[in-house]
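Two complexes, one shared chain (chain A), two partners (chain B, chain C).
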Partner chain A sequence: MSRYRGGIGQWSWMFHRITGVGVLVFLCLHILDTFLIVLGPEHYNAIIAWYRHPVFRVSEVGLFACVLYHSLNGVRIILFEAWTGLVRWHRQMFYVQMAIFAVCMLPVTYLMLRPVFGR
Partner chain B sequence: MATSSALSSAYGRPKPTGGLELWSWVFMRVSGLLLLVLALGHLVIMHLINSVDAIDYDFVARRYIGWFWRSYDLLMLVLAMVHGLNGLRVILDDYLHQPVQRRIAAWLLYGIGGALTALGIVAVVVFQPPSSVGVP
Partner chain C sequence: MAHVRLKIQRFNPEMDSAPQWREYTVEAEPTDRVLDALHAVKWHHDGSLAFRRSCAHGVCGSDAMMINGKNRLACKLLIKDLKQPIVVEPMRGFAVVKDLIVDQTKFFEKYRSVKPYLIAEEPPPATERLQSPKQQERFEDTTKCILCGACTTSCPSFWANGEYVGPAAIVQAHRFLFDSRDQGAEERLEVLNKASGVWRCRTIFNCTDACPRGINVTKAIVEVQNLLVAHAKQGSTTDAAQ
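Our next item is the complex of A and B:
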């Protein structure tokens, strides 16, 4: 990965790329597993059962986090482009973005991982 | 404009001045906002309102009796694949500099990406729920 001037701008940009590629890779696999629905219940149910494995459940929380980060960061980029004056508050805006991210991910993680702990 | 170029280099891709690249730039923003609703909505519906314990063949079959969720999935699929492939193209352009490398990468990207998108469209459009589903 290229590194430029460092700081929040560079890291948020790098995470935008990493989460984007990650979601694209999952989407490609998800198309393949979903296609099995055409072949019948025995094939589709067999592959979907994988999603209930604890390792997959943790990965699904990671997928949720990637989509949420990429969405929030994308909105921040659009806001900057629409109102260039906002660049003065770029640090604060990133902190707000990450606060929203954390507030969303706490209940999401709890709800999605609850079955792993038998609740 | 000094502010906007400093901003672009720090945050997003510089806005192209015209042609296909401008359309690509606009598409990424419009599809991104639509996908924010569609993809996050999909995750909330599948993982929070329902869960992977509830999803199976019958679940999908019941969902696909009507046209609403089929259209939702179809729109999300096409927007996400074009958005993702176009994003990967922009990333690859940063790392591949020789024209021959870019050509091979583009062929692979559009070939594999196009085939997967077509496969997804076929699944959403062709799937017929068995007649037993939906009968109480």
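Our next item is the complex of A and C:
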């Protein structure tokens, strides 16, 4: 069996699911680590301190990218429902969506990583 | 004439435990279609190759198959437009009967489940059931379907769950749901609103890309979804096509 060579729609959906599940997993973990407060502030602080580690700070950019992609792509799908005529332009809309994605990611990445690596 | 290389997935359930790939080189014109190359294999190299075809001109919908990773009609694809070896597989998601022939029993069951025929309660008028060109335009696109199955078997939602009614049946339902003469909306929407119905669509567009008739399948599916929402809001039996 070989791979089905779907187009942009297949890829955008794959990323939508990966980012959706990814964000969901993070959300669950985050509920768990916040829950550590019931064990006492020292445990809570110890775990939450991890978030300040550079690896986590870089991962947070990834998390932001996931949420941003998922929201933009989700809005694109919702627009099809509101105006079904747009379905014909789904590829073009995806390109616009990714342009918006890039425009948002550039400054956000800079702002999020500057405190980690910069002065 | 030129050499054309093909790589075909073969499976004979009476002899093979698993499908296997076989390669063939045949003589064909670059302007011939993949179907011609398959004929060349069957007629001059290996008579045991099994595939469906009838009209050979993109009308009957018999010869949808996966060609170079995409669902296509073998009779509509020109050899010169394809990378070689041309990789030919049966449509995905159906049981393989033999080689490129798949079992479409469930496909046609689902087709019938959406009642793809005119349902009109009133007695027929003395002359035709009149319809304006504008009313006809509403479902013109979905009248073009030839039930080849390329859309349904290109859909990841269908691969994941064979119970999904699938794009082809939704296209057929759309053709009648949006027909101003039809009054079967209630019965059809009941089928399409099930867990196996239109809500399994994930807007992946493989169906639209695969349709050899150029039907905007995704649009038809979204329109049926919207119709269901409108019906749920009204909670009434008003005719869909109005």
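Assume the second predicted complex is superposed on the first by the 113 of 119 C-alpha atoms of A that agree within 3 Å, B and C clash if a C-alpha of one lies under 4 Å from a C-alpha of the other, contacts with A are read in each partner's own complex, and residues count from 1 in each chain.
Operating definition for what follows: a residue touches a chain if its C-beta (ideal position, glycine included) is under 8 Å from a C-beta of that chain, and two chains touch if they have at least 3 such contacts.
Computed from a prediction, not measured in an experiment: that's the story for all the values here.
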Task: Kindly classify A:A65 by the partners it touches after superposition: chain B alone (first), chain C alone (second), both, or neither?
output: neither
Message: With both complexes overlaid on chain A, does A:L113 touch chain B (first), chain C (second), both or neither?
response: neither
Message: After the superposition on A, what does A:M105 contact: first (chain B), second (chain C), both or neither?
response: neither
- prompt: Is A:M93 touching the first partner chain B, the second partner chain C, both, or neither of them?
  reply: neither
- request: Please indicate which partner A:R57 is in contact with in the superposed arrangement: first for chain B, second for chain C, both, or neither.
  value: first
- prompt: For A:L32, is the partner it touches chain B (first), chain C (second), both, or none of the two (neither)?
  reply: first
Chain B versus chain C, judged by how many residues of chain A each one touches: B
Task: Based on the superposed arrangement, let me know which partner A:G9 touches: chain B (first), chain C (second), both, or neither?
output: both
- request: Enumerate the residues of chain A that count as touching chain B in its complex and touching chain C in the other.
  value: 2, 4-5, 9-10, 13, 77, 80-81, 84-85, 87, 90
Residues of chain A defined as touching chain C within the complex: 1-10, 13, 77, 80-81, 84-85, 87-88, 90
Field: Residue ranges of chain C touching chain A (in the complex, touch as defined)
entry: 9, 19, 66, 68-70, 87, 89, 92, 154, 156, 202-206, 208-209, 216, 218-219, 222-223, 225-226
Field: Residues on chain B engaged by chain A in the complex (per definition of touch)
entry: 1, 3-4, 6-7, 9-12, 15, 29, 32-33, 35-36, 39-40, 43, 47-48, 51-53, 55-58, 60, 77, 80-81, 84-85, 87-88, 91, 94, 112, 116-117, 119-120, 122-123, 126-127
Complex contact set, residues of chain A against chain B: 2, 4-5, 9-10, 12-13, 17, 20-21, 23-24, 27-28, 31-32, 34-35, 37-38, 40-41, 44-45, 48, 51-52, 56-57, 60, 63-64, 67-68, 71, 74-78, 80-81, 84-85, 87, 90, 108, 111-112, 115
